[in-house]
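Here the structure comes first, spelled out in structure tokens, and everything after it is commentary.
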């Protein structure tokens, strides 16, 4: 949804807020990520409804810096929608979302959010189909993404190495010159993960990374995500319990747009409510 | 055998103007064929070279150049609308070609290389207004036109003329519409209101081409009949009427220099030849066709007189030549490259023809520069020595502009 | 039920499926397995008629499918749940389901009620646009949609992808139940071994477009898995 | 060197530029040196025609840049072309000076005869060549910038954007038709005499304009190559294929679009400015929406997203038009229409596609022979 | 039609006519040809000079001869001819190539004659007015109320005292309400001229609230000369009242014009809303399909020249079928190879549009053709004297709505509608669900094309029919579909009507050209607010 579509009254109220920083008074590139409280993502009191259907309903969710967090929950619980909000794709009807203590995500556009260091892998893999695998990674690579720097950008040897490194990680080194459009479903999944790595974001949002992967590939993905822990914060959404088990420290269960349970894998797994709505016997 | 004399035909066969121009292409082909039946010209056969400028003005210039330099034609008959003529004019002047332009236009031009066989404003607009004023007692005027130079200029001339004749400002309504305008509801309603204020009102229409059909349909549907508010048109002839259901239009007027209905042996013969040529005796003839016929006759005579098709020789020879027009008078090529024409006012009949209701006593000489416009009233054109100039200022006695060098 | 023989397929110049000979036995569930990109989906699309074959034949109940269009195959009772769901995003859930009614042999104008028992979520969302559903909801819709045409042969390309665990489990049961209730034959593409083991009767393993192994599920040994399914 | 980088993997472009160079060298010689009557003589008519095609080619390259690479199907590029043309036309009008039919020292003829008494403000400065050229670039650029700024910011995309560009050019057409606008209404601007003091009817002037067109086309082509081979070019293609996704990896899609769209509009403006002195008239018909559609078709015929294909398409279709309107005046629309249909059906990648197919075929067939010859 | 004129009024009318006649005679005598008797006048009617004919008409009108009215009516209607052989006046009605003749004076049959044997008596504009006045005078007492109505209308505002007297007499007997209205109005107008203040006031009072232009003109005239402040005051008030009512009516009229223009846009666009909006084919040949519909109307009318009133009922299905089949042909031979490549449909269909245009030029003609309006499509529905809705526009507005709702039902309620939407969204998947996409495409494209053809029938009633007519609609049609929101039929309807009304609201003060430009600018700006049209597709699938 685009920001212009918000109701005028709300816009007005929003612009009258005392703590409001006017957009034109700062550039997003100057924003400082403040994780002094150890928390990198704050979602508080979020609400979203679509034609009256409450997809997100008073959601409070925090992610610590460097943490690997798993989010599970029934189909339609609002996991993807939550990611949409964080990345600026969907504007909530109410609530706040901030990156670190100070950066109000709700004021920023998608590219601004991406530039601040929030990367995302989509549930349905989307890659640039008429670019080669290599170019997909090149485009995703962190760096100055403004128009003129991009026009004159040249790959340095270092950057090239980095791309090859990622290619090896995602197992597509042989396909580096193939158009991404001709990849199979699973290969696209990998490529998307690779693009995420290239972005080198502070916070990774990974929506169902192992769907369509074999068990062994799943293990590789798990390894990969675990290796990111500490340096990056990661939020993983996945329905494959084996996978979740293999990586999870803390798990959040979403249900009907709100947090149903949160805790260690064991706690969550044995929570009767979670069993009822999600895990089954 | 002798190589043929080439006659270029520069009329749009596709695009918006094809509606009017294809007929003129056929007319020239017919004239060429007739001339060849008479044994050609200077003992040489005539050959028509047809190209399609596709109602695209830059293409007109390109095709003109192609005709003159690639096909090396000796004369060109062509163009319709001033913009097409303006587009080719520099080409004809540069390459010293000959163009016969057969359509009524706004005047304000006289080129050494162009012969204007259609009406200048003084051969169409002014007499028509005189007729309305004197014969029908019109006191209020709607000048409705398509927004381009011909209507603009004509209306400026008419406005000046009407005011000279004591018509008040509030009794003149001027309205311009885009090309191909098709929704006339509001305008007709306004005309109706304008005409319902107690004074006898008429519409002088310089509405062009396709826009006329919906205009007349709307007039009829809103109940504006010829006896309430007559419309006199300068661009609606037999050909245009053949595309309109004429029943509701009976009594509206047009001013031209020729009508198919005129009872004249030359005309009868022309029509018969046309029907034979086009193999369809429902096809009508119209004023620009006559203009081409006159232009062609004059050119043939000039070539015969000069003994060559050389441009300069033909230019010199043609001035002063006369030929019979199709309505019983004579057309004479004037030094300003315009010709003499009678002015006829016709009323639309149910069969799509015009009944002549008025005509000038004698032919009116075409005036290149209007006497009613500030910038041009002192200008004349004269392509005979010693003046040899298309825009000669009679006050300063100089030849202006490009010819000054 | 379906006999695939000598099947070759090309994407432009690239040879994707090589001389496949596979037999699908009626009333059974055959699971097609293989690493990413080996050609499983391509094979399914060939069976469905969405991709042209270079050579080979597909004998379905004695009839050669190769010359038939996809829509004819659907009305012969081949149902398809594609990988990636392929829901009609702007049609409502109900319309997504209705679209298959025309291919039913009995010409019924009603969406069979049992679907809503299988996937209650669909009943609540009948008027929502398909594209607005969550991933898992869409997957359920895709399965339901394929069932509407009352298929005899059901092709499921990774049907559990993105579905919550309890429903995955249920889908397994559903497949088995449908096979008995509706006399269905199933071709299943699946990466998850436990699920495959639970649901399928037979397996087929592909590697780089070639048939590597086939047999009854109990014969799917760890060695085979290690050789063909791990990276 | 830079050129090498720009043309690497661009066999079509190399060939196109080579042909262009050849033509640019040969045509002037064949026109000026070889006497008329000699079968090798190239007439001035042909020179002017070629010059016109080259300006169209430049315009087509500009369209291909935004359509082929950025995915913006602009149905309004004729507007930018026309504006560039008008800027040049205004300069040429001012050059006439007092040689107009009314002999007015300042006012163009149409103003005299529509009773204007002084030159409107927006005509000031156009007596200077540099100013006119600047305007020919800036006016389309600014228009594209403003239009693009609004549209891209609001994320108007796809057919919505196409139709809005069409509305833009349509509105301009209607506006320029209006005589009150001060651009000569339907008749437009004509009767030009000279440019930079050179007589426009002179053969050498025409050759000069032709060469200028060829040079500008080459430069424009290389500039576009520079963009599309840069990372920005790849971002553009990414936007074309998955706009939203591009945003999520941090590119300001609206800025990229705006920059390339504006550049393309300026290129179109330059093409227009070169076009007008060669055809001798600029009128509102140039803004006609159908023209914009036609030029998209040149690109499609040539082969979208190849740049050199745009050149081929523009030259080919326009040559076809020139030829057919002369050779089959009454049936040429059948030929042109059929050409469009057949190319779409049988050459989905346009003529450039045919070309690259031929190259692939050549490579597949030849390597053995070649290795045989190359290895000593 | 013999007219019975009661004696006492006959006298009045005769004297009125004598007066008119005196005027005429003086004019004619100035031109030297004295005309006196009815019989002599009859001979003069066939004179080529309009002046002589005019004089003859005056004499005939004033003659009091019972045959005069019928004779003059025939003359006005263009049925009066003169037989070359004996200079006899005959009434002519066409019959199979030849003419059937009747005696102009007694109506007796005179058999058939070829076209060459008789010559029409031409009249001009001035004579038409003269005839109308004369006929009005002769028929004010006609037993036929319609005739009386026409007469009363014609006499409206005539200041001639004799006319006024005739009106006054007729009013005493008149029973028809409408005729009475006119007569009363005439008298009220006459009152305004009266020297007596109270009569003038009475006149003003009667005129107040009348929407006839004559009423306002009468008041204006009065005000320009009136000195009595009381009368002035009353007249001012009456005039203001009238102006206010008239402007209300004008507003209603403008709204109607807008809706009507909008309905034309909707009709032109609605087929495109299917081929483009639903199927995604950028159909540049849409305009030519409209053209085909219009030409079908023309051909139908050619085939049934004597049944023009019914021709549209044949033309509508015929145009639907012809254009629809043409659409199917285009779809099967070209477009079906282009699905998934929407932009290339633009290229191919543009080529097709060129071919179709040229095809019409070569097979029919490059000129426009004349399509007639059935009588029921002509004229207007007079709501009140200041507000009339033209029938053609009214019917087309209704027709557009009918077509719209029919399509809506097809797309929303039938299997075809569902299938076409499914195919448009995901062809492969639709086929996997058993949708015969080839058939659906052909039918849908045929439907869109057929609707375009039907639009052509409607447009042929309003505007010209020629090879270029399609070009005039293509730009607007795309604009309407896109403005409304691609894929949304309601959007097309609302967008078309909105643009129509907006255009017509602006036209009076901006002029036709500027209004169009402003509408375009408005659309461009509006799209900034709603980047996907008035009724956008919403939800997850739509963004991206």
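Note that the chains take the letters A, B, C, D and E in the order they are written out, and that residue 1 is the start of every chain.
Here, contacts are C-beta pairs under 8 Å (C-beta built on N, C-alpha and C of every residue); 3 or more make two chains touch, one makes a residue touch a chain.
From a predicted model like this one, the values you see are computed outputs, not experimental measurements.
Innermost chain of the displayed assembly, by C-alpha centre distance to the whole-protein C-alpha centre, is D. The chain with its CA mean position farthest from that of subunit C is B. Per-chain Cα centroids separate subunit A from subunit E by 64 Å. Computed from the mean C-alpha positions, the centre of subunit D lies at a distance of 46 Å from the centre of subunit E.
Here the CA centre of subunit B is 30 Å from the CA centre of subunit E. A separation of 36 Å divides the Cα centre of subunit B from that of subunit D. Counting only residues that touch two or more partner chains, subunit C has 132.
Each of residues 13-14, 147, 178 in subunit B touches at least two other chains. Residue positions 2, 4, 50, 89 of subunit A each touch two or more of the other chains.
Contact residues on subunit D toward subunit B in their complex (touch as defined above): 43-45, 48-49, 52, 96, 98-104, 110, 112-115, 174, 177-179, 185-188, 190-193, 201, 279-281, 283, 285-286, 321-322, 325-326, 329-330, 332-333.
Of all residues in subunit D, those touching subunit A in their complex are 154-155, 227, 230-232, 234-235, 237-238, 240-242, 244-253, 255-256, 259.
Those residues of subunit A that touch subunit D in the shared complex are 2, 4, 87, 89, 109-111, 114-115, 119-120, 122, 126-131, 135, 138-140, 145-147, 150-153, 195, 199. Only residues 48-50, 69-71, 74-75, 80, 82, 86, 88-91, 95, 98-103, 129-132, 145, 148-149 of subunit C touch subunit E when the two sit together in their complex. Across the interface of their complex, subunit E is touched by residues 73, 147, 150-151, 153-157, 159-160, 163-164, 166-168, 170-171, 174-175, 177-178, 242-244, 289-290, 293-294, 296-297, 300-301, 304, 330-331, 333-334, 336-341, 343-345, 348 of subunit D.
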